[in-house]
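Each structure below is given as structure tokens.
Heads up, the next two complexes both have chain A, just with different partners, chain B and then chain C.
Right, the complex of A and B next:
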């Protein structure tokens, strides 16, 4: 997959990441074969429904997985270094300095007993050699940059004195205070109202342009992804099922899950009598089907789907975890091939690595 | 809390539940809401004895819902849409105003400044009848179902209370309801935790339907659900409406969802209805600057249509202390364009009919044109200020 997106080097490349949780009820493979690529200065949208593993992927990149969770295998290459092999003190330098993260609920990610200014100043001084006074001045400057009016006064306020949109601006100010190369934004606008969401998205766009940073934008909202992303990866049940540039994913989706999602959302200005639906529900992570994880809900399900499909190259820079032919038609396998036949046929189809 | 005592039984002048013969009300009107007000008192001082203010959650809202239609109600958090639904259902006591449902007045409480008269409340017996006819589906299917009751008990509870069935017949009735909402009838003895979010919302819908109501308040019924499940539930609500002739008050913040389900749409801002129109008109041709901005703010799921938006400045003001005059004037782009006319800050606009059949509560609704909107979009710069 590394060579399929043109010559441009990746800033972050995740290959076949697996993060599993040993729970009392059994092993949950929350992330089970995720490969992602983020180009420098570009935005990757990671879409998926709750439980698909998108947040765990982000936490794995930051190496913030706690027991009973464990990164089982895979590699995460950031700027030439494999993050999974770094000692913890070097990782702490990357975290915050090079890669920052903002979360969905700003109220629970801010410390209620410190002022906003102190929290940003703490982030600044932890990752640089500034005096207290300089750090405090930098905090006010950051609050101004994210469009908080009367920043000096706001810096002295506690999180509960701010609205949801203001709190998210404080989170962004804190995340950007160290000029990171990559910002991981996990559902940054989900808790916000639509007019406030528009403010925050506009702010993220402007800051992205000015700082030249890359963004990994995790969301379930297909509108937000379309608005912000250069590239899109779609996740389902712990795996990436489709990746390409945003235009391709929205115009020519290959994976039946992506197709189903795009067809099922109501769109403004395009009223329909009925919405298309994806039948059934997301499979229980403790009891995943064998083979393709989407087959029970898939309108195209075929016998070959009992074999787990790899990520296959269906066009230049476009990969899909599905047995369908690159043009979306059914592969020529005959009516009901035996498992052995299917396996053999599978190998002859173009397969992207990994 | 006066009305819990139900001091005054309704006079039988309006014949109880006689559809189609309710006096001045248009014959096809099912629900009529007049000047509804709900203030939550803020108490302070020693031991919280004194009244220091009020959150004006709903502040003078009037509209009616025709039989068989779906009226959508949109607005951002804190605009009062959920409170409005609860007050209509009498799940919360109103401060003042009048609500009439299917010819039965639920309450009629004089507002401040109106000539003094005794408030009117429907009697407990009358309310029991009305409650059977109006039901609610809540947002959170995890919190709104009692975890200690089986599906059969949850769905069958209402009919049992209303004497519509006995314990023997209940199971058949519940099975019928489960079938209607697309649940497996053999799951009747299971408990809520055994179901997914979408299935729980179906249980919530079955529970509402079990009483054969004419009117259902749907309060954010799909916003807690995953995208692929939302469409299943929206289709179900559509099918049930067509099949059973239901009337919906559909409360949601997602504008695309509201457009999909509604025949007419009302937009709320800080406790007031600011615009009301047929769904096609309001989405194609909004006549209130807030509606224009709200529609402009929605990101579309199409990377070809990344649009410049109208970015409203600032946050929604507190409903405890709403701005004077027009409540939207502190964030209004149209007011800026018109050179900040004083009228917006001094005179409160009322919802008025425009020539197009739409209703808007803006003094300058006629000034909204494609050119005005385009210029507002152009002047909406990003909110970033200083250089690093």
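Right, the complex of A and C next:
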């Protein structure tokens, strides 16, 4: 499928997405300016602290935002069509078929009253023309593919009879049963034990190889991203603050928040404690600071930071939402780009490596 | 599951034994002389004493209880030393001297009326509640939800005899849309049957509809926010499948449990509704038996209704395990 498109062309392109929640306490701008680009067959890691809007971004792409949430602006282009303009029934044909999603909560994401096999078969028959029996056989085949021993028996079991890791495998089997072009994995391992985490990541790698699908891997663990991703987008308080290929982000991060995140990874060999945790707390979404949202925690904060920085191109295929000069030094006064330049930079989210 | 069912059935038998004892002794301790009821206006002290002896009411209470139990299993004969002995075959629940009929015969005559009343009302209230409950849940917080919930609140607060009398007054007496209820079997005269039953069904369903509508709505609303409903959406399933197959089905268990018990209670007799519409069901029979202090009849009806409820309990428990695979019974 991916062969019809050029490798540089995006499979999914999100531009300036805004998803807001009208709560009793006020408007929560959960996602407020997210731009992402996922290349066919490649993996984009989306990182950020809890509450920065990763899940809401993913659910917006699936158009699964529920009241009081609403996608207020932006565009989501998948395979050449703007998902936000599709009628609901066409969107339903994409959900679970061309874009599948697995969730953060493996323990509760399967319906307790149906067997695992039935729940996978349901996805298969929804998007294909298989008979009941063929769909059931496909379910067993998928369970085998995700490494569940004794798949035939497991297919007849209910979710509560399986461990968390097994359930997440079932979710992956369900998501991949329709051969999607894009898999959105929202913290697929966060709720699992460390050893199980590694197994699931290995499994996803193997399946990615086999199926050639693109993955949007959401996590707050930069270690996981390093292991899995081709590209990385870092989110903070509802916005993407830095995007580039994975190597650039790790070797030459530009945004002070990304630097802080990298410094807080516990390294092999080092004592297992976080050395350089970013000071301060995530701003209250109901009461965001003006200017740069990171300024209260930023060691580089300067007067210009009272103005909100745009997403700027700091190198080929590398954007950052920060006033610092492209080399990371203090900007010359007046170097701030115009609004038009900023917008152009935001839209040229091109990625360097092939 | 089979072992569990057998164990439950044995337990049920034991429970019924305890129940017969409780019912029997309790009612026999009531003031009032059963022998007095046998002769009505013709009673004189000598007749009462003669009857007391004939019916065995002069025996010690334990002996009487033994005879009662024996009657259930083997049948018994009343007035055996008189010229016209009354043979009561097993399972004999007793003999009503005020009506001169076997208790079981009276119960079996009244039971079909109550059965149709209960089952008809059940169908009405369950279908309406589930439809309106889902409708309200899907429109949560908007005016259709408020309207449905408002109606349910009214339904809650109106006593069934009030609704019943209202319906009789307008539908039957004032506008003559329906004849005055006179029960006929649906197999004899289906149209007459429907004409008689429609109002009682409405009255009986009304109160329950209010409750079950709310329950359905709340269950659907609750499961609607479950992660697995989101998973169902993410599969691209149509909304109807999501609501019925995923949200409603997963929240069905409490509904079925409550409905099973309510249906069983109704099968034991709907006292108020039957009385308002003069339906000769178990409820009316029970009221009359109490009014006439007809001890054997009271005992028989109580046993019959309790058996229904105990049995419904078992059925509901089995259904529970069937509906919710997380429940294991062993």
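Here is the rule we use: the second predicted complex is superposed on the first by the 321 of 354 C-alpha atoms of A that agree within 3 Å, B and C clash if a C-alpha of one lies under 4 Å from a C-alpha of the other, contacts with A are read in each partner's own complex, and residues count from 1 in each chain.
One rule holds for everything that comes next: a contact is a pair of C-beta atoms (placed from the backbone, for glycine too) under 8 Å apart; a residue touches a chain by one contact, two chains touch by 3 or more.
If you're wondering where the values come from, they're calculated on a predicted model, not measured in any experiment.
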#### Entry: Clash-or-fit label for the pair chain B, chain C on chain A
fit
### Query
After superposition on the shared chain, which partner residues are touched by A:132: those of chain B (first), chain C (second), both, or neither?
neither
#### Entry: Dominant toucher of chain A (residue count), chain B or chain C
B
### Query
Once the shared chain is lined up, is A:290 touching chain B (first), chain C (second), both, or neither of them?
neither
### Query
So, A:23: does it touch chain B (first), chain C (second), both, or neither?
neither
### Query
After lining up the shared chain so the two structures overlap, which partner does A:144 touch, if you call chain B first and chain C second: first, second, both or neither?
first
### Query
Touching A:197 in the superposition: chain B (first), chain C (second), both, neither?
first
## Note on the structure
The superposition places the nearest Cα atoms of chain B and chain C at a distance, in Å, of 9
### Query
Considering the complex alone, what residue numbers of chain A touch chain B?
49-50, 141, 144-147, 149, 163, 165-166, 179, 193-199, 201-203, 205-207, 210-211, 220-227, 229, 246-247, 250-251, 260-262, 264-269, 271-279, 281-282
## Note on the structure
Residue set of chain A touching chain C in the complex reads 62, 64, 92-97, 100-101, 103, 105, 108-113, 119, 122-123, 126-127, 158, 160, 171, 174
### Task
Please give the residue numbers of chain C that touch chain A in the complex, ascending.
226-228, 230-238, 246, 249-250, 323-326
### Query
Which chain B residues qualify as touching chain A in the complex?
76-77, 196, 198-199, 226-232, 234-235, 238, 253, 255-257, 259-260, 279-280, 283-284, 293-306, 309, 311-312, 314-316, 382-388
